[in-house]
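Naming follows writing order (A, B, C and D), and every chain is counted from residue 1.
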């Protein structure tokens, strides 16, 4: 009875407010809106520029040719990823929201499980399946925005991870270049040599919860894959919660941050640590930094101009613990993630929204994009635009790469992995204790039947 | 102007009975003072008339109209508050004109009436000032002006002079009395100052513990206090009250304080009720009805001089009678020398006797 | 005569209260009941339990009080313990003491000095959160911060505040941020104390401290309790330290409000978040009751 | 007031003032210098090169300028008016009517507001706003914020109301004023300093709000300055200190000015009466 009374109260209030609300303009015009964490002149400015100067005009022209009056609007969002994700979930939950969302691939499973996203072909039908672009996107990259065999969007690119190093610092320390370690031992030896030579922070490998997913992707995965294992056993369909490889990986962290002081744990743990480590790298105080190609094409440019970057930043593949001991028996390891665009299942104009997405993902549009922002394209027919280093990284690492498990529980398990590294790096727990705590937490999250342990030797 | 009638009015706050079955009529044009110690219910009675409180039982009339449950604004009364309740954010014009403003009196008429009243009350020059910019006495007049500006059926005063210093208070008192006479208003006037009540009121209502102890003209209340409470409350210094008991065999009253016997003499014929041997009584005598002497007499009790206080035209002598102090008032500028041991002779014709219940029996 | 009574009838009073009642019911009571309900479910915003949340009884609550691990960094017990230190440090020792000291120092003083201090304190109180976060990052920065520049110049070393002393840093921060309220409250309270009380003590030669301890403190006790109720409650729920430290490093500054944020925002576990919020409210309720009981006792003895 | 004061005490108070003033001022030093500095990091120093370029750059960001000059004023102004009005009415009603348990009631409301003001409430508040059609409207933000701010505002306000002598209103009642008259002519003018305190308090809270606007608003042209601040981040998502500092400076000015005006006009103070 409370709800009934309350309902009528709400109704009255709603009526009052509806009267005051601006009346939406109606007409022939089809309005599409899309949003991303992007601001003109701010974060992801390049994306805004590309959308506003290339994508929207050409798309509207194309639609006009088909006799449709389509207007596209970009709704910029300046806050953080977490707030953006919450907006998506809230909007989709009540059947509202923009027509296209910029979306991080690893969010897809949990949104699908919550019934918030629908496969592309269910939304826009035949037009999706007959799109010419699919044959130029490898299945691996298609699956960045997929879940259980269904596709929910189109990726806008992918990335790879490697070691970046300061060539000038290496030179001073007398380390031979080009430099490419083939094992953790060599990597650590280089770090020790840098330390000898007075380099303040020889090696940074991301750890801790403060950096969020950056720790999992650029830190934990890079080390764990090098130790020969993935977080998830794709064959058994189980999460690996305890294994010699996990312990080896944790001990690597322990060596770097605790035992030998080769890295600066502080920068891993304080709130803005990632920015600080970039800055320290730019200032030549960090010798080696494990990061994604985004660091090369975007982050470092905050501090260095392109010629300086090309001059002082070198890169190397991340070695396995020992040659041949990496994930799938590889000598070197890397991992890829990716973001893209998903369609809102509640869109009023599913066909036009899909058309827009397809247009954005077309060969011409992506070529235009590469001119603004050279990066590893999701289309195999679009080369990295005018950046040989990026191309070289893509060529060397894409064949070695793997992806995160696309499962709804992944974000939480990823957090537990960050926590595990944090516990070791901060000295709160030994690697053994941290692994036990990880096992306990993950088991609680996904259940006994979805985890496995590999006995320690 | 209208008369005010209270019929059997009772008001309680929780366990406290603030006003206990009070019945009272204030005639048209009459000023009645409600007098009593703090907490006696006088202010509550006034607030009941104003409508600021609603009685638990009983009825209140203003004129012929029953107002018992009406809100204040429908009663058409005016009130002057102890703290004046002048609004600090309004100047005197707005303050005094406020009762007219809320009644929708047009602006121009309001100005004229306020100016007229203010002139009569000699604050006509101060109308653009705020309360904080004028003296206490002027504030008091302003609050009176606000009360008289609209011609109400009755006026209610809640200790309006108690915030003034002694000199101003005398002035304001005279002024109020003059005003009341010239305007001929019906008024209830709450005070704890018996001199103020005596000076101002046509009649005085003495209250204690929510009950009316006595109603009468000032002289009547002074001359014939009906009970020990009124006797002790009225008069300055108050009446001497000496506990004593009756000794039928000896035909005397024995003063409890020092066991001195006192011939009943004249008093005996005036006793209106039957008394028993050993009854505890109270003897009441005003300080001016005692004379001091060096020799004993039939209506005299012994005492010891405690202190003498010359007051100009008169002298106040405090005499120790046993463990009690008795005040004696002597109308002489210079007191003749007195021995330490004196005899107090009571003027039995002006002496009262109160029974065990405190009610007057002589 | 001093009986409390209403100037107006209940009906008139209710009319004055109606707008507030509307806000309270719609924007306070209703969401609260909703949160309370959610706290017994496994409701999330994404994942399978978003679509079909189920009633889990007291499970969310039991999880908070799993004593095997609740004291671990990043768990509820640890967050609670950090919050207690944070409240004791920044509300009781910090804001209340700073507030009393400054109010007492400027007792019966007017003029420029007082205006300067009060305006700066209020400024610290009213600046937007995000701005304050930037300013304090700059203030506490290990390498370039103002504080370390000063300490270094004085030869007092350059501590790594946010890394080595994170809890002390946010206590300092919150003391700075919130003292204005206590300063204003106490200086107003002091003004109600008749000067003669203090002058009497002056005449008998009491020291400043004695005057404070023997005269002002007993008279201010009621105000102090009121102040403590409010600032304890506010401090318990303050979220601004997140902007400075993100709750770290290694959860060392994760007070319960940040813990709730992490639960509710990072993984959208609103059932769990609701349970924490309810537990925190119950703790606050207990504290408020304790203060109120003290206040009543103090009133009765006065 | 010319009280006797020993020279020692006078020196003491000056030293104390310096100490207290530095405590409150030092953390803000960066905010005062950085906006005018051509090159900013986190160091406080006298700008080697004084410049207004940072402000010029900020004013080119129309999104951020609109956020500050339009959206923030609407949201904070709206919350201020709502909270001040509703809290004044409510505290007056509470103070002048006998309602059993009203003291406890206010505390319980404050406790509720602490829960509902937290992050746990975001989903209920969003759904509520959605069903009322208030998502992406300033009214929605104003109403939700006001709900959370009211209890504390009522608490602060009541002390001001309680200091009005009852005889003021009783006099007005006797002279024939209606309750609304009394509120408008007498109570409201007298509690104006309290209204000012509560108004500032509400304004400041709404001015700095971040979470509720982010949850309830969608369009960039509706977003407040706390969100717009993030538009002064680099392509890679790190703050551009020069612009952030300049914008933060502009973002702070209005609350400071408002405070100074109110303090000068009404005196920003609580009544010593806070007693319950």
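Just so we're on the same page, a residue touches a chain if its C-beta (ideal position, glycine included) is under 8 Å from a C-beta of that chain, and two chains touch if they have at least 3 such contacts.
Values in this document were obtained by computation on a predicted structure and should not be read as measured data.
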{"item": "Between B-D and A-D, the pair with more C-beta contacts", "value": "A-D"}
{"item": "Centroid comparison with chain B (C-alpha atoms), farthest chain", "value": "A"}
{"item": "Inter-chain centre distance, chain B versus chain D - centres from mean C-alpha coordinates, in Å", "value": "54"}
{"item": "Euclidean distance of C-alpha centroids - chain A vs chain D, Å", "value": "38"}
{"item": "Distance from the mean Cα position of chain C to that of chain A, given in whole angstrom", "value": "37"}
{"item": "Set of chain A residues in contact with two or more other chains", "value": "10, 13, 86, 90"}
{"item": "In chain D, residues with contacts to at least two other chains", "value": "122-123, 170, 173, 229"}
{"item": "Residues of chain C touching chain D in the complex", "value": "4-10, 12-17, 19-21, 23-24, 26-32, 34-35, 38, 43, 45, 102, 105-106, 108-110, 113, 116-117, 119-131, 134-139, 141, 143-147, 149-150, 176, 179, 184-185, 187-192, 222-223, 226-227, 229-230, 233-234, 236-237, 239, 257, 260-261, 264-265, 270, 273-274, 276-278, 280-281, 284-285, 288, 292, 295"}
{"item": "Chain C-touching residues of chain A, taken from the complex the two chains share", "value": "6, 9-10, 13, 82, 86, 89-90, 93, 107, 110-111, 113-116, 208-210, 266, 269-272, 408-409, 411-412, 415, 419, 422-423, 426, 428, 437, 440"}
{"item": "Chain D residues within the chain C interface of the complex", "value": "1, 3, 13-14, 16-17, 20-21, 23-31, 34, 41-44, 85-87, 89-90, 92-94, 96-99, 104, 107-125, 128, 143-144, 146-148, 150-152, 154-155, 166, 169-170, 173, 179, 183, 200, 204, 207-208, 210, 225-226, 229, 239, 244-245, 248, 251-252, 255-256, 259-260, 263, 268-276"}
{"item": "Contact footprint of chain A on chain D as seen in their complex", "value": "60-61, 63, 122-123, 126-127, 130-135, 137, 139, 214-215, 218-220, 223, 227-238"}
{"item": "Residues of chain D defined as touching chain B within the complex", "value": "165, 167-168, 170-178, 181, 185-186, 189-190"}
